[in-house]
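Which chain is which? They are A, B and C, in the order written, and residues in each are numbered from 1.
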Amino acid sequence: MAAEMGGAPLLEVRDLAVAFDTDGGAVHAVNGVSYALREGETLGIVGESGSGKSVHVLAMLGLIPRPPGRITGGQVLFQGRDLLSLPEKALRRVRGGEIGFVFQDPMSSLNPGMTVAAQIIEPLRIHLGLDRRAARARARELLDLVRIPNAAGRLDQYPHEFSGGQRQRVMIAVGIACRPKILIADEATTALDVTVQAEIVALVQDLKREIGMAIIWITHDLGVVAGISDTVQVMYAGRILERGPVDDIFADPRSAYTLGLLRSLPDLTRGRAGRGRLRQIEGAPPDMRVPPPGDPFAPRNAYATARCRSEMPPLVQAKGAAPGHLVAAWYDLPEILSDEAERAR
Amino acid sequence: MRASDEPIISVRNLSKHYPLRSWWGGKGSVFRAVENVSFDIRPGETLGLVGESGSGKSTIGRAVTMLNPPTEGSVAFEGTNLSMLSAKAMRAKRARIQTVFQDPYAALNPRMSVGDYVSEAFKLHRPDMSRAERREAVAGLFERVGLEPRFAGRFPHQFSGGQRQRVCIARAIALKPSFIVADEPIAALDVSIQAQVVNLLQDLQAELGLSYLFISHDLRMVRYLCHRVAVLWRGRIVELAESDALYDDPRHPYTRRLLGAVPVPVPAVERARLAAESAAPASAIAEGGDLVEVAPGHWVATPPEDRP
Amino acid sequence: MSGIDRDGAALLPSPTVVEGRRVPLPREPGTLRAFWRRLRARRSAVVGLVIVVGLVLMAVFAAWIAPYDPTETDWGAVRAAPSLAHPFGGDEVGRDVLARIVYGARASLGAGLVSVALAVSLGLPLGLVAGYAGGWVDGAIMRLTDALLAIPFLILAIALAAFLGPSLTNAMVAIGLSATSTFVRLTRAQVQALAAEEFVEAARSVGNPPWRIALVHILPNIVPAILVQATLTIAAAIIAEASLSFLGLGQQPPEPSWGAMLNVAKNFLDQAPWMAIWPGLSIFLAVLGFNLFGDGLRDALDPRGRT
């Protein structure tokens, strides 16, 4: 899969599979996910709850509780090393150092009993070995960098003294403290107001230019992904259904699921006159204890063929699409859509 | 004025204040969650209430339904002033006013079957109905909201979020109310499920002539679903207009900022929008004054210097 | 929508229906069967359950199990060491210790169950009212329980014994009354926590009167917590009964009770240690059993604490 880009990838996920043991049986949360991330690339991962989008990154950083979680297969190569076989101590050095992350809820990710300075200084001392004075100076720079006004005055405050948006800025400061190669943002703006989200997304764009890191931006919001991603990856039921250059994915979706998501969004600029019902996706995501055989989206897909329901399609280059635009589908979406248009005429 | 133009619910100068205790427990100042809010909703109309967290939109929803009565102001529903009703009379009135809550995981009683949950509406308000009649009615409601009637005996944990929200909607429409407050009804649902629920709400409105107060932070859905929209900021309405007028010609600086911050799912457009966005926290917007009608039906809280 | 909690939670109770087709659901957490499975998965809970069931069976079928009448004296067996005829030995007047241990289970378990039943039947309604009504009603009930809590059960038992004469029944009443405040407080706290839940607000929004919210919507949701607390309190009540009987305020001679047996045995620790060992061990085992079972119950009833 790395062949699609030039040079060795920064991060390569190979056939990753994760399951959770529950009272009701094993939940297959991630089922063979493979992709590569280049240096400086921004990868937007879109999916709903249960798609495996969050679980798979937590798993590769050793952050899922085991048990009940289990990594049932695969490799995650980061600069040539397999993170999954790294001992916890070595993994800790990667986590928060070369790979920074920002989670959805800044309140529960920050320690309420520690000052902001202490929380930014911690990774600096652990990963970069800075002394207290240097780390504190760097912490101030970082708060400046994430555009917190009067950074020096706020270093010794506690998280509850910050607004939700500012807390997320602090989380980002912690995430980028060690100039990571990759920043993973997991629904980092979901809990924020839309105006604050806009500021945070713009901030991350600026930081990316300054630091040159790669970003994995995990979200359910197609809008955010459209603006910041180089590559978009659509996940469903623990699998990648589609992946490719951002413009191509939005202009020429090849998975019925991607198309369904795009179609179901109402247009902010379109007036109420003549609008019909929203084009909804029928049904609900599958029960991951008993994943449907074949393409997991098939039960909800009006275009699904008999083969979709029995056999999982491989993720391959989509016919006639931009290079690197991959899709897992037995059906040919452009063909179906043009037939539909034909019949409508 | 035609009869149907008579508002079904009429909110006047509604305020909700919470006393703030000072640290020694004495009386302190008050927190003004909602301040002097007025609006009408006509039969069959959906009024959208948008705003960010802490703007007071849920507080308004709960004040209008008297689940958390307002500190000041009046709520007239079908001609009755709800604040004047006794607890018992208000309970009876609840047959006509229903609420669909945000989180269908939390709004259902985990130890009550979904059938009993829906049936409860009849038990409370229709003592004339027999057990069999209730069962029949619940089955009909399940069918109407897209659930299989034979699942009535199951418990909430056996359903997905979207299905649970359908259960909540089934109960909300059970008594054929005239007005439903939908408080962020799709916020907790997966993207692929949201359109289903919005479509269902819309179909039910057409069928039953319902009025909605649709509280949401999803500005795309609000434009799609709502006839009129009120923008709430710091507990006050800063702009209220027909939804097309508000989205195409926003007048208040806060409305503009809000609409300008919505990501657009078109890469080239969204990249341009982002490039113009500043990463620094936005500067303050002047507090609005009283609402002024700048165009027919388009009300804006005008900062003093902008006033004609 | 993300983070291990949210994503995990969304994964677990997934839909059972896709496009109207019933997908075979492996097993449903929350049902009795799932509860048993969770309980069985905890070794200590199973051990506790086995002990508790064993003791209960022993108490119920005491007449069949005990080799002798527990009050029958045999001069040949006075302080006799354990032997084939008297496996646990004999006591100071030649009664069979095994028979007395077996019958003593009735006093201990009976005291535990009855006193806790009394505490729950008083505490639960009071806690419900206090928690849901709030205001001055809450204040009054809570001051009452504070007052009750301020009297140690020993003092209460001594006072009751002084007025009504020492008996096992009075000991049970004393223990039950002093355990009541625990249940008032627990119920009240649970009710207050649940009253903030959206489903209680939803119940109000459809027009439920307060009494119906308390009984139909809140009560079923706090039963598990009460059950766990009751199990653990039984263990405490068994110790309390033993203490009272040890002091002569509980079971009256010659009827057997483990505490009363210890009381007598303390005078013969050198000559006849078995007189103390068996009742001591029995109390220990009973308390251990109820505590282990109670802890397991708590884990198994908490839907968040999945295996």
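Here is the rule we use: contacts are C-beta pairs under 8 Å (C-beta built on N, C-alpha and C of every residue); 3 or more make two chains touch, one makes a residue touch a chain.
Fair warning: this is a prediction, and the values are worked out from it, not measured in the lab.
**Student:** Tell me which of B-C and A-C has more C-beta pairs in contact.
**Tutor:** Spelling it out, more C-beta pairs touch across A-C than across the other pair.
**Student:** Going by the average position of its CA atoms, which chain sits the greatest distance from subunit B?
**Tutor:** Max centre-to-centre separation from subunit B belongs to C.
**Student:** In angstrom, rounded to a whole number, how far apart do the mean CA points of subunit A and subunit B lie?
**Tutor:** Taking the mean C-alpha position of each chain, the two centres sit 31 Å apart.
**Student:** Centroid of subunit A to centroid of subunit C, CA atoms only: how many Å?
**Tutor:** Using C-alpha averages as centres, the distance is 49 Å.
**Student:** Please set out, as single numbers or ranges, the residues of subunit A touching at least two other chains.
**Tutor:** 48-49, 220, 282, 284-285, 300
**Student:** At which residue positions does subunit C touch at least two other chains?
**Tutor:** 1, 10, 14-17, 25, 28-29, in rising order.
**Student:** Please list all residues of subunit B that touch 2 or more other chains.
**Tutor:** In subunit B, the residues touching two or more other chains are 160, 163, 190.
**Student:** Enumerate the contact residues on subunit A facing subunit B in the complex.
**Tutor:** Answer in residue numbers: 48-49, 147, 149, 164-166, 193-199, 201-203, 205-206, 220-224, 226-229, 246-247, 250, 257, 260-262, 264-273, 275, 277-282, 284-285, 300.
**Student:** Using the touch definition up top, name the residues of subunit C that touch subunit B in the complex.
**Tutor:** Where subunit C meets subunit B, its residues are 1, 10, 13-17, 20, 25, 28-30, 197-199, 201-209, 212, 216-217, 220-221, 303.
**Student:** If we count contacts the way the header does, which residues on subunit B are in touch with subunit C in the complex?
**Tutor:** Its residues touching subunit C are 65, 67, 88, 91-95, 98-99, 101-103, 106-112, 120-121, 124-125, 148, 151, 154-155, 157-161, 163, 168, 171, 190.
**Student:** Residue numbers of subunit A touching subunit C in their complex, please.
**Tutor:** 20-25, 27, 29, 48-50, 53-55, 58, 63-65, 67-68, 103-105, 186-187, 190, 218, 220, 282-290, 292, 299-300
**Student:** Under the touch definition given earlier, write down the residues of subunit C that touch subunit A in their complex.
**Tutor:** 1-4, 6-8, 10-12, 14-19, 21, 23-29, 34, 37-38, 306-307
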